[in-house]
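Read through the structures below before going on.
The following pair of complexes shares a single chain, chain A, combined with chain B in the former and chain C in the latter.
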Partner chain A sequence: MRSIPVTAEGTAVAATEPGLADRATASRPVLEIDALSVRFSTPDGEIPAVNDFSLAIRAGECVGVVGESGAGKSQSFLAVMGLLASNATVTGNARFDGRELLGRPASELNEVRGSRLAMIFQDPMTSLTPHMKVGEQIAESLVRHRKMPSAQARARALALLNRVHVTDAERRLDQYPHELSGGMRQRVMIAVALACDPVMLIADEPTTALDVTIQAQILALLAELKREQDTAMVLITHDLGVVAGIADRVAVMYGGRVVELGTVRQVLKSPRHPYTQALLRSMPRVDDAADAPLVTIPGQPPNPRSLPPGCAFHPRCQHAQELCRRERPPLLERDGTWLACHFPVELVDLGALGALGAPMSTLAAAAPEMPS
Partner chain B sequence: MTDSLLSLRGLSVWFPVGDRLFGRKAMLHAVEGVDLELRAGEALGIVGESGCGKSTLVRAILQLVRPTHGQVVWMGRRIEELPMNEVRPLRRDMQIVFQDPLASLNPRMTIGEIVAEPLRVHRPELDAAGRRREVEAILMRVGLSADIINRYPHEFSGGQCQRIGIARAMVLRPKLLICDEPVSALDVSIQAQIVNLLKELKRDFGMTIVFVSHNLAVVRRLCERVLVLYLGRTMELALTDDLYSRPLHPYTRGLLAAVPIPDPDLQPARLGTSLGGELPSPLSPPSGCVFRTRCPHAAPQCAREVPVFKHIEADRWIACLRWHELPADPGYGKPRAAGQQKASP
Partner chain C sequence: MTELVSSAEPVAVAVASRGFWGDAWRRLKRNKASMVAATVILLITLVAFIGPSLSPHEFDAIDWDNMAVGPGGPNDHWLGTDRLGRDLYVRTLFGVQISLQIGLLATLVSLCIGVTWGATAGYLGGRVDELMMRFVDVLYALPYIFIVIILSTMFERGNIYVLFLAIGAVGWLTMARIVRGQTLSIKRKEFIEAALASGVSTPSILMRHIVPNVIGPVIIYATLTIPQMILFESFLSFLGLGVQEPQASLGSLINEGAQEMESAVWMLLVPASFLVSLLTCFNFLGDGLRDALDPRDR
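What follows is the complex of A and B.
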């Protein structure tokens, strides 16, 4: 599945582990992803889904990974978990607790997956086993990984259901997933993931299928877990509002690459990549009374099959110049943020952009510099 | 009323469910006693959680489901009693755009055939050349090129398919355009394009829009009035600005507080403030006010008395027994403070 790690051209930059620089004194990373690339071989040729993805996540930290469909955000972490389809080729490194995950056989990965490194998915109905009772699904990993006697595992399953605030937990233990609501199922899935006290939780669009009120409840639960259990977390989402409440740092992906990485304040309050800026401006906000048309990003997210040359965002970018069409910008650190852009936008406080209606170019020129 | 395009009077839609073996059938009250006056030329948003009856309500307007009780008055004429063959001609003036753009286009028809189909049905006087002219004009109007008429839906992205769906609905220049979650399946950067397109079309053609969505931020951008539904009942109806800046119903407040805002200074504090619990089963709704089981302000009277959907001030209706004695709203939907909103060099 995985070929020998290669140091492709351009990885020298990424190999400096973006994200470590901004907190030199912080604890050792739980998960270190280095120059990860994912390629799918199809009858139509190779499809590069993820290119040169590097990220380090520390204990107790939540990193939001944001992007639209096809940006490579899910594939990156499915690769780390060894869950990709069989036509995928993965290169690079992913060290979890100092041990390499990539290229290890399923039998070895299974010691880590579901115990110390857990993942929750978007659709709890298809990720839970339909013919197993909820209690058994939670207890399964305890019996398997911890060799816990089943009575004890059941007691722990009950405690976990209470932990994730499932009402009427005793009765739920003996129910099947189809008897639960979507929000309840997602709580059960989180309970399954938490069963063996993981040091890291990867949440792939955990609230996308849920109603906005239930989404708020699940996000509050994830925030609580992060606060109280010091679990490292990756939150993969297309919704910048979702990361704003929980994430410490945010990585924005486009066309299979990280284009901006920084603290949640840097990325959401003073984004410097034109894509991040445009994405924030194109999102209507519930607290924004403006009546002007939304700022749109022309075109659509690129298909990984046919990525534009140079910077993948250049066909949709208002700042694009000849260089952007020709040369792919490397991910470089600038003023504490990691950016892949030849012409990053000047530091601007997005809160000061007001009605969000003015064209980007004038805003970039007119807006005052943000005090740091 | 002269400016009323459509009124719903005591509209209820019930579905029989359950135990057919022993002949006991329960009734699921999907929509219950909705009164609504739709004004010509307005954009009305209908919001609420899944299962609140949003889609059933708009399907009942189109007579895609027939109401169990109540009246649907379309341009002065009761249409819920009409036989289907008399309803169909009316659909020339009421069209719908669905959520899933690809699934709502027939994969074996070309774009030209798809967009021309309403013309074949409702404007038989047009010949092929006339239809083609209309189809090309509307395709260009929704931001597509006219030369796509011989291509098939699978060749297009989600956003483009939604434009095709809008072209099909608009080709007849309907008086009423119903949009059922039209941007929910689209990427963030594409949603804004579709919202802007709908706004432009409304400006140019002046049609009335009913916009069903669970995305309250999108509704705020597009709609002039908003109706909040819960378990098939109307909770609050107000002008958009009033509803967002001064929500009165506890459910409206809970919905607004739940919408995430991409601002790390505001969003963490909002996380703990959302509504608890989940939508109760519509088969056994709570007594009295159906929202009381999740309402932070519920009092004993809320279990006994069904709140009437009351006209409490200009352009504002609410179904809450205690709305006048509730504490002021924390203001999650209010515009950001002036200092944050304006550039201050």
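What follows is the complex of A and C.
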């Protein structure tokens, strides 16, 4: 079964902008990241965390960024937000709405952050200020960015809580974060992020700290926002099920670089990079025999301090050859996906999307239960 | 882009926002020990300001017939008199007035400077932090008594406001260090990052997200500072730099009383019992405030 659509326009656009490879819509991307690199200077020397990262995200599109811990997925977007630690050096470009974000002072960034470009963090338990009431935290950015009087901001905070399906919202406004459950807090986080109608939302592992049913509800909520608000979205995660659920495109990162980039259907159904394939294989499938051994990727994720020469994945790659050890494969467009591999895997249908159906069905099951 | 929530039709919000301090007060009220302590402090304060007018004696009037008499004698010196025949009840209450004022105001001065200094240094970090904290170190290295002596000779000696200033000016150093340490430990927390990501400005982050978070240790240290300030004042009075005779503070009264300890123990016990109950109550109150200000402990 071969179902990789390769459009002529797609290839044409792709020649210049990898982020636009698969769609040929004329709309300008909301966020264009170009050749972004992040390195940290530590007492033990320079650590390159992100290398040559390029991505473009358009309105109404959700791009999943996946990879193991330390692959540089969070750091790339923290760099875009200007939230990196002070020992980080960032090079490259990140244009949001046509304006460069990198290297601008905090006072200028603050005009964009939280109003047009918002971020949701991984751990709702620690990402809300503990001594501030939920209502105040949502109202804060409204008062800051929209210069709203506090009574009006409060009314809108209430509406936002209802929007993210928090039950008993009126009472929640006056509660402290510790009085809410994890799922509730993540909804509050999303409400804070949505307060000023952002055109773009960066969600950094928004469901990692939550249990499975709550995960599905939060994902359903994000999907709903994307659909109804036309919000551009970046979903940073290591959970391929999450990506299969709501993302349109997916970028797979390894050792601080994008190794594969394409539509969810292309990448998850017929991955061509050995790393993506190994990632998908390592996901247990419902239809596996109960005593089947769990598949793992041999070896360890690379230490960014000392990346292997050539292709960073070669020590763990089954298909590695001499060329892989010597020369780093460039990110090139092949059959509609972007790929950094000398010897890409032949197109085979892993049926991964089918295996990933489980989270999607939980998602569908959870949606009707939610009060609207 | 369609607006997420229509703000054109304002939702009627009946429940008034109580705010951070309203909630803290509600929680404090539930803590019996602190409420008793607060009541005692309030009572002592009231008595200190009203009590002297109830007695027929002046704080500096000498009663030649009743020198160094104990409490409960056949006269109207309710708590006895001191060596010079001055009414101890009136003098002690005057002492409480002055000690309370000095303790509270000096603590307030050190609180304002210390918290702002420490939070700014800790949050900004880097070179600013380095400079600000080295300045604190230098002040630490100077014997504070020199600073106080210099200040009190530059201005009028025994002027009580110069005292506040002098004591407060040396008292904020430890506060600044405590606050800086607390700030360092929370400035890398996720909620600060989340606040940054929603575009909150640096002063707002300091005042709304960091300072309320360090208020627990600050309150505890402040309640310990009040008695320290009271004691420091009495030390200065002893050296002749503080409250001048015939005025009295609790510290100077205790000093006088200690000299007569063997013959007239009430001269020590009367001011000392006021001091001890004040200090104990401040500690209880501080404890209660810490619980009230940290909603996570509930």
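Brief remarks on what is shown
Criterion: the second predicted complex is superposed on the first by the 329 of 372 C-alpha atoms of A that agree within 3 Å, B and C clash if a C-alpha of one lies under 4 Å from a C-alpha of the other, contacts with A are read in each partner's own complex, and residues count from 1 in each chain.
Quick note on the criterion: a contact is a pair of C-beta atoms (placed from the backbone, for glycine too) under 8 Å apart; a residue touches a chain by one contact, two chains touch by 3 or more.
Note that the structure is a prediction, hence the values are computed from the model and not measured.
When both complexes are overlaid on chain A, the residue A:Pro284 reaches chain B alone and has no touch with chain C.
In the superposition on chain A, contact is made by A:Val264 with chain B only, not with chain C. After overlaying the two complexes on the shared chain, residue contacts for A:Ala232 are found with neither chain B nor chain C. In the superposition on chain A, contact is made by A:Asp211 with chain B only, not with chain C. By the document's definition of touching, neither partner reaches A:Leu84: not chain B, not chain C. Contacts of A:Thr296 after superposition: chain B is touched, whereas chain C is not reached.
Touching of chain A by both chain B and chain C, each in its own complex, is seen for no residue at all.
Touching chain A in their complex are the following residues of chain B: 49-50, 157, 159-160, 187-193, 195-196, 199-200, 214-218, 220-221, 241, 244-245, 254-268, 270-272, 274-276, 278-279, 332-336, 340-345.
Residues of chain C touching chain A in their complex: 1-7, 10-13, 15, 17-18, 20, 125-126, 189-191, 193-202, 204, 208-209, 212-213, 293-296. Note for the complex: chain A touches chain B at residues 68-69, 181, 183-184, 211-217, 219-220, 223, 238-246, 264-265, 268-269, 278-280, 282-291, 293-297, 300-301, 351-355, 366-368. For chain A in complex with chain C, the touching residues are 81, 83, 86, 106-107, 109-115, 118-119, 121-123, 126-133, 135-136, 140-141, 144-145, 150-152, 154-156, 158-160, 163, 170, 173-174, 176, 178, 189, 192-195, 197, 199, 228-230.
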